[in-house]
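There are structures below to look over.
Both complexes below contain chain A, partnered by chain B and then by chain C.
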Partner chain A sequence: MTLTETRERTASLGQRALALVKQREVGVLAALILVIVITTAKNPNFLFSNDGFRDLLVTPSLLMLIAVGQAMVIITRNVDLSVGSVMGLSAYLVGRVFVDFAWLPWPTVFLIGLAFGGGLGLINGLVVAYAKVPSLVVTLGTLYAYRGINVMWTGSERINASDMPREFLALGTESIGRIPVITLIALVVLGAAGWYMTTQRGGREFYAMGSDPDAATLYGLNVRRRLITAFVVSGALAGLAGVLYAARYGTVNSQVGSGYELQAVGAAVIGGVAIFGGSGTVFGAAIGAFLLMTINRALPVLGVQDFWQQAVVGVLIVGAIVLDRLAATRQERALARERERSHD
Partner chain B sequence: MKSSIMNARRSGLAMAAALALALTACSSGGDSDTSSSDAGGGDSGGGDANLSITFLPKNLGNAYFDTSNSVGGQSAIEEFGGTYEEVGPAEATPDSQVPFINTAAQQGVGALVVSANDPAAICDALNEARDAGVKVVTYDSDTNADCRDLFINQATADGIAQVQVDMIAEQIGDEGQIAVLSASANATNQNAWIATMEEILASDHPNIELVDVVYGDDDDQTSFDKTAALLQTYPDLKGIVSPTTVGISAAARYLSTSEYKGQVAITGLGTPNQMREYVEDGTVTEFALWNPADLGYLAAYAAKALIEGEITGAEGDSFDAGTLGSYTVGADGVVLLGDPYRFNADNIGDFDF
Partner chain C sequence: MTTVPRDAQARTALLMEGVSKSFGPVVALRSGSISLEQGSIHALIGENGAGKSTLVKIIAGLYQRDSGRFEYLGQPVDFVTTAQSKEAGIAVIYQEPTLFPDLSVTENIFMGRQPTRSLGRIDKRAMRAETIQLFEQLGVYVDPDRPTRGLSIADQQLVEIAKAISLDAQVLVMDEPTAALSGVEVERLFAVARSLRDEGRALMFISHRFDEVFELCDTVTVMRDGEYIATEPIAETSVDALVRQMVGRDVTTLFPKTEAPIGDVILKIDGLTRTGVFHDVSLEVRSGEIVALAGLVGAGRSEIVRAAFGVDPYDSGTVEVKGRRLKPGNPAAAMHAGLALIPEDRRKQGAVLDSGIARNITLAIRDRLTTRGLITSAAENTSAREWASRLEVKASSLDTLAGTLSGGNQQKVVIAKWLASHPDVLIVDEPTRGIDVGTKAEVHRLLSDLAGQGLAILMISSELPEVLGMADRVLVVHEGRITADLTRDEATPETVMHAATHSLEETR
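Right after this comes the complex of A and B.
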């Protein structure tokens, strides 16, 4: 081993460490840990009580699922605003299944929720892909349409905890080795989506489409199929989130999931997914979801008055985006400088 | 306090008797009008008082009204030998009740018992029916006071605040920290109840400390997460009062799987169907709401008293309501059902709404 070789290796190790710190996911994760540490210092129950630990992991899990789907759609330079309504409709469907088809074994509701959500996502995807209407407009439409159907169907009725099987409700709070089941489900989904997006050809094509849709088409990628896939996945994950919502909260009315779409977009953006597509990871979106929900839960514990909590969350979102913007411009400048230097 | 009520009742009775005498002529005139139109329509009315009473809920297929009408109202009407009927729209929109009111007036029913979808939209129709001799009683949700004879009010703000303080005091041994999980920060009803509760706590329960009021926005998930935050923030918390049906069921759901189950009491206003699970598993001891069956029962007896001319709906009128006892009409033709009804493990099985 020569001296130069060793020097090169240490340099690349240092560079790798530096690149890791610069990565957006790491920054968001650091912020998340900071929030948890501060809140736990104020009130140890936040992390160390049984309830506290469980809630810390369970509460962000639903948003995590939806944010993962949302990130996949945003990476293709689209957006899915209907996820909150898809989630609500699926949750009520699941409740109705328990009431009207009580003989069905309860685990089938997971398949029903996934398939139903995927179907609603397919509608979004087909309209976006074939009618060439911007996804912002299409999914804004289905946001209201799906919610309207939900309100019409549900009326002033609600599904109560006593309408659902005990085993199903227990899923909402059960743990396997201290890790809640809902969180495990979310992590499995995250792992699968992350694997697909980083290593599989189809996943990489999502990024290509988002970076430059025209180039992707010219290159011969099947843009339409990838687009529909992204919306179906996003819808199916929203459907799954609806099923888990019913298990976790035990009550389903016509307003389940309203507002989730914007939280999901917020989570993705905080987690470093560029709103115009082409960059970011589902892991970032998942950590963003975690941060968003944990801040929400930490503020009351820190004694921030109810009225201020939403405002604080808003400031944090804007702050995260401004920071991101600053970091991105600085990086661009650094890249440009490097390019000039290499041309010299 | 008690004696003044008795006095009011007695003077009310005297007044009612005098009024009834004075008005017999009028009402019998009205009756003959109705029966002549009945004869024209081919309907066999008959009997001295037309005790056919029609219930018109906000909408059909609503468990709350199923209880108030076919459990409460129908049993009252069977007791005094009248005819019960229930009609109503499928949807609770403002003017959807108008055709049903018109039909009932044409059929010449004795009285209509209505839960109004809108305080003004059905006024004209109701007044036309009253001109045709139909007595109008509102219950659950009132119209403007000049379009009905009586309103059966299920509960007052004071009564609701008092029962909630009583329940939480009983459940935590009249001592310790409590918190309130309300609807939204600008909900008029809830804010009025909470203010009254604070007064009652300050004057009658000095050892109970209200440490926080949080808002679940009548959203299951927000209420659920706010409950979690309350339990974490106040480790010595003894009880939570939630004066909203959404809040109390979300709080109970959280508590039922929490390590604090059995240590923290939850009470407030809820419906039996939402709370059944948590009363049965021991999370919740007792909660309150009015009893819709009693509400329908009282409305039916009020309608009977109006038809028979026993009362006119004037303040101080008093009438008998079967097993519920005697009631007196208050200001603006309002009859108060009474204190909220408490639901617990012993009686929750009797209700389905």
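Right after this comes the complex of A and C.
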């Protein structure tokens, strides 16, 4: 061996701090805190009243669940547009089961809703993996198909709180400590998903597939199986969100969850999940979801009109993408310069 | 890591004999043979299109051979997937490494087979430690934690090599690994290659650079036109002998270029530079003249013409057509000024395969065919019929989808498309790649006729016979710089090859 060159590069504390600040999750979290602080300054009830604190935590929880699943799918360079419809259909199914099979214990019904969502996700995953149809098209199709089934099945009926057992509804209203149960569930899911994505082979392969699909095939990864997994998880989490929706609001019609799919994509993008896959974290997506929902609630408090609320969300999403693009361009330029130097 | 001691006398690691491969009517490999010995570095050389890549892809399990013998460690094998050849211990490192840009160096090395602890958790510490150890073994430093995006090609190749070693590959195939490397990086790669050889592994090295072949390799095999020509110990051959074996035919008789009166300068490129891609490129093409841009694949020729045409940006320099300066980055303006570019990859850049012939031919002149903003099929067909018949495009009707035509006819449709816009300068990038021999001659006759009609033609070609037979002048590009400007008389296989494989300083 002729060249023995071992340069140990240890990052200084300052560099590490800088790297941390550069992380998207930290930036979005800071934005979130800023929004909360400003709004609370204007109206202390936003954070300090009992209801205010509870709403702050409960409102984003359902979107957080869906955004976590969406992030996992986007990281594989796919997208799941059907999540809103899966959520709606699962919510109605749960209500229906409570009405028609009242003797079933509520935890069983809870699991049925979860599994049903997973099943709908499985359909998405199978079509994407085996028919090789782009997920954008497949899930756009199932977005309408699942919603259509929902409308046909529900009609103008609705499930009311009186149709559901009190213990089940308590999920939506109770707190442990001061943290609402729904939020706790969302946090547990987030923790599990984050753990899977960082420590498990499957999770890392999600990133690999999204980073370079061709390379993933050359590496001999089981791309098909991972794809299906991602869609099943996304579906199951949408199902879970549907179940919790029923518990929280106590009323289910045929339009539950519509629009959630785009909010979830938006949350993931704001949270730093690259829309072409390969990078970002479920934590970022969850914080993004929290920020989106909190801004929606904060703007009326700050006296901003309805119309502008939508615009602000739009600006956030576009801003996040522009930020990603700028960073990438800067990196490319640095790279070209580096190559030039090494050739001279 | 198992190592075979060198004195365990050169066992044959991989053997191929009389291997062939065809894609439909196109024969990619007629009869390939090679024998890789353990503890030895074997060079495979040949012109572009000689069948080297096909041979490599059969070894990698990407293609399956049609006939012939293929043995690995003394056993006959049939690799149906890349996973199988990898499993057996064969690692192929391509010119463009295939890594996950978003993931760390460590993750790239271990993806899909990470060491795990309880609960299936990836053992990151063990993984990182092994990565550091792998690079130490290779005698190089690559940060194990950084993402592979932004790594130089050289470092990316080191990651690929580290991956190969961690798999304990016994056969390592490197397909033109030095094409994108600087001098220092090449030295480093060679040091690594030698230490792998000394561990008893078998290496195969594909390169166009003779100096490297002579510096690094022990044995050399020459291929030509999909066939095995010769294998010799490196000590018993010379550059001249190898070039003769590579070219090995009378090239001047193949493509008769009719003499055309040479007129004024039509296209003038001056000092064109794009940082990191090409440098200070100046050239002139006159009316009636065919100028060839020769050189190796990846030398930057396509990039130069793409920039001149305005598809890609450039940093400095000028492009003039008939004395008028072109705006950079504006293909529409270039077309308007009389420039036409027929790109290298017809499928991706030239022909719209899902459209009919007529639609394809009139694509570049759509503005002229409109009446009140609408294009009628009648106008399209009239214009297209003329060009299709002039170029003898063989198809049942003008509605035939371009995708269903043969390669040669597709190329004619693409050429027709540009001729319909009545250009003064025609830039063609690899006009006959993937075209059978008969049609090749037709395309050549066509280009020659066009020059005779006063068109200025700039032709990129990696095929020596084509360059030598067709061009009035040959410009040779090496790593983004023009290293030789040869007249028809000066251009020989030797002078062109020499300029294509040496930098400007070495050429002088």
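Note that in this section the second predicted complex is superposed on the first by the 313 of 344 C-alpha atoms of A that agree within 3 Å, B and C clash if a C-alpha of one lies under 4 Å from a C-alpha of the other, contacts with A are read in each partner's own complex, and residues count from 1 in each chain.
The working rule: contacts are C-beta pairs under 8 Å (C-beta built on N, C-alpha and C of every residue); 3 or more make two chains touch, one makes a residue touch a chain.
Quick caveat, the model's predicted, so the values are computed rather than measured.
J.: Is A:R330 in contact with chain B, with chain C, with both, or with neither (first, second, both, neither)?
T.: A:R330 sits against neither chain B nor chain C.
J.: I'd like to know which partner A:T251 touches here: chain B for first, chain C for second, both or neither.
T.: first
J.: Please work out whether A:R225 is in contact with chain B alone, chain C alone, both, or neither, and reply first, second, both or neither.
T.: After superposing on A, A:R225 lies clear of both chain B and chain C.
J.: What is the shared patch of chain A, the residues that chain B and chain C both contact?
T.: Touching chain B in the first complex and chain C in the second, no residue of chain A appears in both lists.
J.: Quick check on the complex: what are the chain A residues that touch chain C?
T.: Touching chain C from chain A are residues 1-7, 9, 199-201, 204-205, 207-208, 210-212, 214-216, 218-221, 274, 278-279, 331, 334-340, 342-343.
J.: For the complex, give me every residue of chain A touching chain B.
T.: Spelled out, the residues of chain A in touch with chain B are 43, 45-46, 49-52, 55, 59, 155-156, 158, 160-162, 172-173, 245, 249-253, 255-256, 296-297, 300-301, 303, 306-307.
J.: Could you pull out which chain B residues touch chain A in their complex?
T.: By the definition above, chain B touches chain A via 62, 91-92, 185, 214-215, 219-221, 224-226, 228-233, 235, 246, 249-250, 253, 257-260, 273-274, 276-278.
J.: Going by the contact rule at the top, pick out the chain C residues touching chain A in the complex.
T.: It comes out as residues 81-83, 86, 98-103, 107, 111-112, 114, 116, 119-122, 136-141, 143, 149-150, 152, 154, 182, 184-185, 188, 191, 195, 275-276, 479.
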